[in-house]
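Structures follow.
The same subunit A turns up in both complexes below, where it pairs with subunit B and then with subunit C.
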Partner chain A sequence: MRRAARQRLEIGAMLAPSVLLLVLFVLLPLCIVAAYSFALRDSYGAVLPGFTLQNYADLFQSVYLLVFVNSLELAASTTILCLLIGYPVAYFIAFKAGRWAPALLLLLLIPFWINFLIRISAWVVLLGRGGLINQGMLWTGLIDAPVGMLGTYGATLVGMVYAFLPLTVFPIYAALQPIDRKLIEAGADLGAGPAETFFRVTLPLSLPGVLAAALFVFVPSMGVFAIPVLLGGGKDIILGNLIVQLFLEFRNIPLGAAVSMLLLALAGVGILLYMRALRWVERMQ
Partner chain B sequence: MQDNSPAQPAVDLRGVVKRFGTMTAVDHLDLTIRSGEFFTMLGASGCGKTTTLRLIAGFELPTEGQILISGQDVSDIPAYQRPVHTVFQSYALFPHLTILDNVAFPLRVRRLPRAEQRARAMAALEMVQMGRYGDRKPSQLSGGQQQRVALARALVNEPTVLLLDEPLGALDLKLRKEMQLELKDMQRRLGITFVFVTHDQEEALTLSDRIALMQGGRIVQLDTPANLYNAPQSLYAAEFIGETNLIPARMVSADHGSSVVEALGQTYRAEGTTASAGAAVTLALRPERVRREPAGTGPVGELVEIDFIGTDLRLTYRMADGSKVIVRQQNSGGIPPAIGERMPLGFETDSLRIFTS
Partner chain C sequence: MTTRTHPGWFTRTFVHGISGWVTLLTYLFMLLPIVVLVAFAFNAGKSTVVWTGFSFDWFVKVWHNRNIVKALHVSLIVAVGSAAIATAIGALAAVAITRREFPGRDLLGAALAAPLVLPEIVLSVALLVFMTFAGITLGYGSMIVGHVLVSIPFATLIIRAAAASLDVRLEDAAADLGANEWQTFRMVTLPQLMPAIATAFILSATLSFDNLVMSTFTSGVGTTTLPLRIYSMLKLGITPEINALGAMMVAANVAILLLVMGRYLPLMLKSNRR
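And now, the complex of A and B:
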């Protein structure tokens, strides 16, 4: 008994610092945001104590509904593009790269050492009228005059895919790498060509990684605000930059807090869907 | 034997070489596997037996030479188009498919009608007594059960040749013996050519019609189990297959088929390599061909070790020159000899073979 109590105390003591950190810097701010989302404000933007559901009711205005649709659409496009590009990359590293695999994985990590905003700013330079891409196309005679790429939806999408691609490669790689190579040989041995072996054996076995990758991209991409502003010219407003605008420009902190809570709820739904799908895939295996 | 089997060999390897970088795994191999036989490639790890099997399956392509299956040159044909199926050592069952779907896999790939896929897969499962497990997943089966499923999956498509890569290696001894009998029985019933790879000489002797003993990417001896055991053509074969007494000897007179050697202070007539008179050679004989002869005139040994095997007694004698001779005699239930006994040993001369050391 005393031994068990002592052990519990030790475990508690070891967990205390991280629990304290989480409470102070995650749970507490979250509670504050939640509290703000029910608060009132005066016409100068100051937050007044009180309780109202008006902020949430305001979210149903068509301006904001459009933002939700935009956000979901951008997140879905980003996710699909990332999976379509990331899967072959992960496949190559896991199956074909051999001894170069660790080096390639490291290359994927290197961009993370550079500040996110600086990397996105680099795309501003690349995509600009005098940027490398336009100059290259002019030089090869592909175009006669510089093309305006910045400030378009395409530019936003390029930035989004660029930012989230490594996050898709890693979980898919992690799912592909441990697949027993004998299973792929067995597929061929039993008469299935390379494509059929891929769709009947490799792809189903890597689905948990694909699901994780989808989650890693879809959920955070709804909250991004720098990319649509810097590359998309702020024309397409998504949840991320809506929150920034409400807090900093419109000084409507309660409404911004309500949008934040909505974003949190969407993330929760995303995670629930992921867990559902994962259980389905695992039952299949 | 099947010397009068159809002229068309099941598998024909012609001058096959396989190199991995600077390493030669298979070295100018010529090998003809007859249709319908149980053929075993036997050897220590790294002897090239598994690589040869993978070459036949198509997982590896030969660096040089030709591979023919049923007379058709398949040297450049990928694995999925070859009429052979493999039973893998690790079974390689698809973890995401049920047992029935695993077995139906090669039929599904061929786009057979669903009902036929199901019926044939079920029949194959019944054949290996796994009919009740169709709905399970591979992870829910024991090793022995997975082995049976792997066998059913490889046989369901009725391949010309079935390749088996140490399929019993992961099973415990009792199950292993059981599966050996079943494999042999199944091969006889189906009449499919089995190409079996193992490092277990006992397994090879039990199962095979013919055995290719391999070393360093080459075949050391290709023979029936009885010939391989009774008439090994090299010291390596004599040592690898079964237990063998190797006695240092000296050539007295060389003659084809019947040379005279001197060993343990006696002279013996024996078959084997002809070396020039006076040369140091090795005399090989099986422990069960040595007899304790209390009234004999053979070399005298002192009993230093008794191993009780069950059906047999394994007796180790130290001879006058310090070499050891092992005697295997049937356990007839009497009082076993005592350590320290001195006993003249008689060698059955027709089992003696001479090898150059």
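And now, the complex of A and C:
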């Protein structure tokens, strides 16, 4: 009896720090943000107690709707591009690279692991008016005068794909790698062409990895703020930029809280959709 | 054109053929910018584009930039502090989750991984609001708490994986020999987990050192970290100084990655042989 009580005490001591951390610094702060999103604000930016739906109604103003549309568009483009590029790469590493596979994975981990801002700054240099890409195109005669690529939507998209591509390759590779090669051979033996084998065996088996990859890219990409500023020139701002502006520049905390809740809800929807789709894929197999 | 004679044309081109080309181009796309950045850090001239000769001048300039050195100092304090806390809390939770029975075990495991799927910017904003609400001045404390939140999912997952593969019989033997929970943990479990704990510490420290989002919202006056400093420098325009600083950070990041992966790479190579 005393031993059991003592054991409970010891387990409690082991768990107390993590539970305290999560409750005090995640759960409680999120509750405060949720409460603030319904609060009022005085003209100096201080939060006033009260209840209003005005902050959420304000999100339907055209300025904010535009940010929302921009975010969804950028997140969708980034996700689709990452999947279209990342799938063949993961396929190559899993099925074709043989003993080079670990080296290729490590080579992809390097850019992923290098400081995010340094990676983006590399692209600022490359895409600049005097940058290597412009110089290369001038030299080959592709263009007559330097093209302004920095500060465009395209530059933002390049930066986003650059930042998120490794995150798509890893989960797709993880789904492709364990596929039993005998299944693929069986498909071929049964007379299915390589295309049919791919679409009826390999692709369906790797769908969970594709879904995970989409989840890893779609939701976080809406919370990014540095890439649209540094590469896109701050023209096409997304939810991440809006949150930074509302909290740190305009000091409109209730509205910022409402935007944060929106992003949190989108993340929740993303996770639910992922789990739904995963169950659907598993049923199909 | 062999399109008609071979029904597998589509797959050969688009699945097999193209996967190789896409991979090659992707690796060039991923690695060339970094190579260019590092190369131009050694450029003598002020240009980040035109090569005018080899020099170490920009590296010297970086070390004489007081703002950068101060920011590096802040970043190191926050990285070491938050990694130590994240690893300690993560290790205790990981051992409890894998080795002990208690109600809500799965819930805690999921909650500790939650910061992975929640948008970091929302967690950061929430912490900022909480600190303001509680009347706590932003600074080292708020930033260290924030960085602990960012790295604890990784620290816990790494140590959990190691704890799950431990031999239970060793702990049972210790208990049979009269050791209490704490003695068993300290003298049997912990030493076996040391490699995983070291890995978790290094990864946590790197995540903290490179963090921008959490620091943007939780840093205070005089606690500007290196990424925050680089971000404001980049907003003003790129300079060779950033290239030199970048080259040093690339070297540090790659060295740490190889140090950590050095342990796992042989395992990966083995598992990949079929």
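To be clear about the criterion, the second predicted complex is superposed on the first by the 268 of 285 C-alpha atoms of A that agree within 3 Å, B and C clash if a C-alpha of one lies under 4 Å from a C-alpha of the other, contacts with A are read in each partner's own complex, and residues count from 1 in each chain.
Quick note on the criterion: a contact is a pair of C-beta atoms (placed from the backbone, for glycine too) under 8 Å apart; a residue touches a chain by one contact, two chains touch by 3 or more.
Model, not experiment: these values are computed from the prediction.
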Overlay on subunit A: subunit C relative to subunit B, clash or fit:
fit
Going by the contact rule stated at the top, is it subunit B or subunit C that touches a larger number of residues on subunit A?
C
For the superposed arrangement, I'd like the angle with vertex at the C-alpha centre of subunit A and ends at subunit B and subunit C, nearest 10 degrees.
80
Considering only touches as defined above, state whether A:193 meets subunit B (first), subunit C (second), both or neither.
both
Across the superposed arrangement, the tightest C-alpha approach of subunit B to subunit C, in Å, is 9
Please write out, lowest number first, the residues of subunit A touched by both subunit B and subunit C across the two complexes.
193-194, 197
What part of subunit A is in contact with subunit B in the complex they form?
180, 182-183, 185-194, 196-197, 200-201, 204-205, 284-285
Going by the contact rule at the top, pick out the subunit A residues touching subunit C in the complex.
6-7, 10-11, 14-15, 17-19, 21-22, 25-26, 28-30, 32-33, 36, 85, 88-89, 91-93, 95-96, 99, 101-102, 104-111, 113-126, 128, 130-132, 135, 162, 165-166, 193-195, 197-198, 215, 219-220, 222-223, 225-226, 229-230, 240, 243-244, 247-248, 253, 256-257, 260, 263-264, 267, 271
Subunit A contact footprint on subunit C (complex, rising order)
7-8, 10-12, 15-16, 18-20, 22-23, 26-27, 29-31, 33-34, 36-37, 40, 47-50, 88-90, 92-93, 95-96, 100, 102, 108, 111-112, 114-115, 117-123, 125-130, 133, 145, 148-149, 152, 156, 180-182, 185, 206, 209-210, 212-213, 216-217, 227, 230-231, 234-235, 238, 242-243, 245-246, 249-250, 253-254, 256-257, 261, 265, 268-269, 272-273
What does subunit B use to touch subunit A in their complex?
57-59, 78-81, 84-86, 88, 90, 92-96, 105-106, 108-110, 137, 153-154, 157
